[in-house]
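Going in written order, the chains are labelled A, B and C, and every chain counts its residues from 1.
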Amino acid sequence: MLMFESALTEGAVLADALLLQTSQAELLGRIRNDALLSASLWVNVALAGLSVLLFVYMGRSVQSPRAKLIWGATLLIPLVSLSSYLGLLSGLTVGLIEMPPGHALEGEMVLSQWGRYLTWALSTPLILLALGLLADVDRSDLLVVIAADIGMCLTGLAAALTTSSYAFRWAFYLVSCSFFVVVLYALLAEWPAAAEAAGTDDIFGTLRTLTVVLWLGYPIIWAVGVEGFALVQSVGVTSWGYSALDVLAKYVFAYILLRWVADNQDTVERANAGAVGTGAPADD
Amino acid sequence: MLMFESALTEGAVLADALLLQTSQAELLGRIRNDALLSASLWVNVALAGLSVLLFVYMGRSVQSPRAKLIWGATLLIPLVSLSSYLGLLSGLTVGLIEMPPGHALEGEMVLSQWGRYLTWALSTPLILLALGLLADVDRSDLLVVIAADIGMCLTGLAAALTTSSYAFRWAFYLVSCSFFVVVLYALLAEWPAAAEAAGTDDIFGTLRTLTVVLWLGYPIIWAVGVEGFALVQSVGVTSWGYSALDVLAKYVFAYILLRWVADNQDTVERANAGAVGTGAPADD
Amino acid sequence: MLMFESALTEGAVLADALLLQTSQAELLGRIRNDALLSASLWVNVALAGLSVLLFVYMGRSVQSPRAKLIWGATLLIPLVSLSSYLGLLSGLTVGLIEMPPGHALEGEMVLSQWGRYLTWALSTPLILLALGLLADVDRSDLLVVIAADIGMCLTGLAAALTTSSYAFRWAFYLVSCSFFVVVLYALLAEWPAAAEAAGTDDIFGTLRTLTVVLWLGYPIIWAVGVEGFALVQSVGVTSWGYSALDVLAKYVFAYILLRWVADNQDTVERANAGAVGTGAPADD
């Protein structure tokens, strides 16, 4: 190691730690001082927490093994969401990003909520897992769709963190959309047949439409919001867009699914037992 | 890009790289100079390495496909643990964290072994995979429990890295414990029935009790140690707590499991073949 | 928080953001100015993009559910690769690493393409998933091999990022190779029997040999290239080594697999239906 480094060591590590830390505290302060932004995050903490409590309460009546399994996967959705919003509020998973040349906010520092993309890589696979279990799709099929979904979230994260070039931000965006197309193809063209065979096509149809419509909202917000074309230049308004979608795509989605599972444990169990192809309607 | 930035570029990237690098070397030095801390890490490198060699040797006698599968999953546990401790010792996955206002060590720089939480996100799923294969639980059930387990580890990581607020550290801790409750529920209330059906309930009972008791130790050490209430303020003592639990929950756990599998390949294979419900005891 | 920190906060967070950002832009510039290095990355962006388009086109004729599944998993391989190379080109997933004492380039700053290791943790599991589906191996077996594979990639990442010690770089390298041995064992000793039972042994044999031979090339390049013994000291030449392997192990691999699946949908479907052990040759 070079001479001057040895002299630096103690100082450097303290400076480095201090710098990162001060940033986190400062980011927490920035969020706290922006009432609109702050509200968009706290409302999700509250709703995610309430959802967990409600779902645990609703779970008491769930008896059959397969219904319990879907219930378990669904319970994790608001728990992951809660973690996500705590990360944003604490300043741990947000950062200041200077927009690259070509962007509408070129040279300005924009608060990036990059933690959203990271936690979506855990929460959206759970939503697909719940949908896949409901439709009783092949397990390998589920793995492929979850892999595409994780690819979608991580390239979204890359788009959010790229500050060197405007073109590369959109390149990542397009690759993320390509992964999304694979997920959409499974949800719209492949899984409905499995759900029909399992006798869960009514509820699967409802939840699939909800998911497809709401999930299309995320890339639209990205394109319109501060990170994309910046037609909306307010970090708080952009954040509210994502937060509102999360409320519907996560807690409302999970609530509809759980209420159906609690009321239709026989249908859920029959699907698992292989009593398929009878075309029997859900017994609700 | 602003004018002064272009002038900075070459210098900035070098300064940035140097800073991060110097930190890593300095952290390696700090650990090397703390004999208690250093020993708590090296003892695990040694035991993990010996476990890998021992398990490969024990694996020679394993013939049946399903027994080989459990053996493979178990062999990975000490390999991941070895990677984890190399990360801590090299300074790559540790950092100096300044404790936030409200913490007993407020304003002091504490060495955080955040890499532990990150590698647990890979090693603990392997333990659950081995237990789940032993009990022959439903594969989707296993996926849900592993998802909860990864959530538990990653929110633990978030708790360790949060320096902006004492309250948020504990909020992450509580969410992490909630994920843990889901894992505990599966281990205690769901999987025992599957293990009974598979004829592996004796060994499953032993390993489940070992796992549940030891895993409860981790959040207790966090709460009592330097990262939580700091009743124990020594980084070395806290590290020894985790290291001792790792020895029991990983190498001893894996050894007991592998010895049983090697001695009971017939039982293991029978479970897979669907010859369940006979209540036949393990044939050792 | 200490007094002087509160004064620092605004400045620190801006300095921190600026530093990281300037780095990314500077790294993008460095890559752009190195024609050899730049070409090694752009050629993969082009080939990955063309592969995606070609595979979507080839997928039109795939009808059977299981063939569609293998096709879906294979399509994701060039998409992940495309993301990986965009990450390297944008400067997001590369960094300057000062080589530790003992290394041939001790004290010099070397451009590390650490993003390669990170994205391999998503792309190589997809290759194993495609191979495992083709051979119709047990799903839990697949999970264990994928876990070993992820361990291999992440310890490779740790080796690339360790700057504090030359010995620890090689320690991570050896652990990564140990994970690789587990993967090789499955590919060479376990899966061929499953492929034979599924009637896919011809194509599985071809693709397995291709994969094993090419994957052995990666640790050899690491050892010979700038990150290891530095017998080759050019970042561009080392990068070309990885890029050439990626072309063969990803796009060519995927093309051979997809062409076979499109031509042999009956065989693929029969394997799934449990009509195994007939030793019927592929019907091409």
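The criterion applied here is as follows: a residue touches a chain if its C-beta (ideal position, glycine included) is under 8 Å from a C-beta of that chain, and two chains touch if they have at least 3 such contacts.
Values in this document were obtained by computation on a predicted structure and should not be read as measured data.
> Once the contact rule is applied, which chains count as partners of both subunit A and subunit B?
For subunit A paired with subunit B, the chains in contact with each are C, in label order.
> What is the Cα-based rotation angle between copies subunit B and subunit C, on a 0 to 180° scale and rounded to a multiple of 5?
120
> Nearest whole angstrom, what separates the Cα centre of subunit A from the Cα centre of subunit C?
Averaging C-alpha atoms per chain gives centres 25 Å apart.
> Enumerate the residues of subunit A that touch no fewer than two other chains.
As it turns out, subunit A has residues touching two or more other chains at 1, 18, 25, 27, 100, 139.
> Hey, which residues of subunit B end up touching subunit C in the complex?
1, 5, 8-10, 12-18, 21, 24-25, 27-28, 52, 65, 68-69, 72-73, 75-76, 79-80, 82-83, 86-87, 89-93, 100-101, 107, 122, 125-126, 129, 133, 139
> So in the complex, which bits of subunit B are touching subunit A?
1-2, 18-20, 22-23, 25-27, 29, 95-98, 100, 109, 138-141, 143-145, 147-148, 150-151, 154-155, 158, 161-165, 168, 171-172, 175, 178-179, 182, 186, 190
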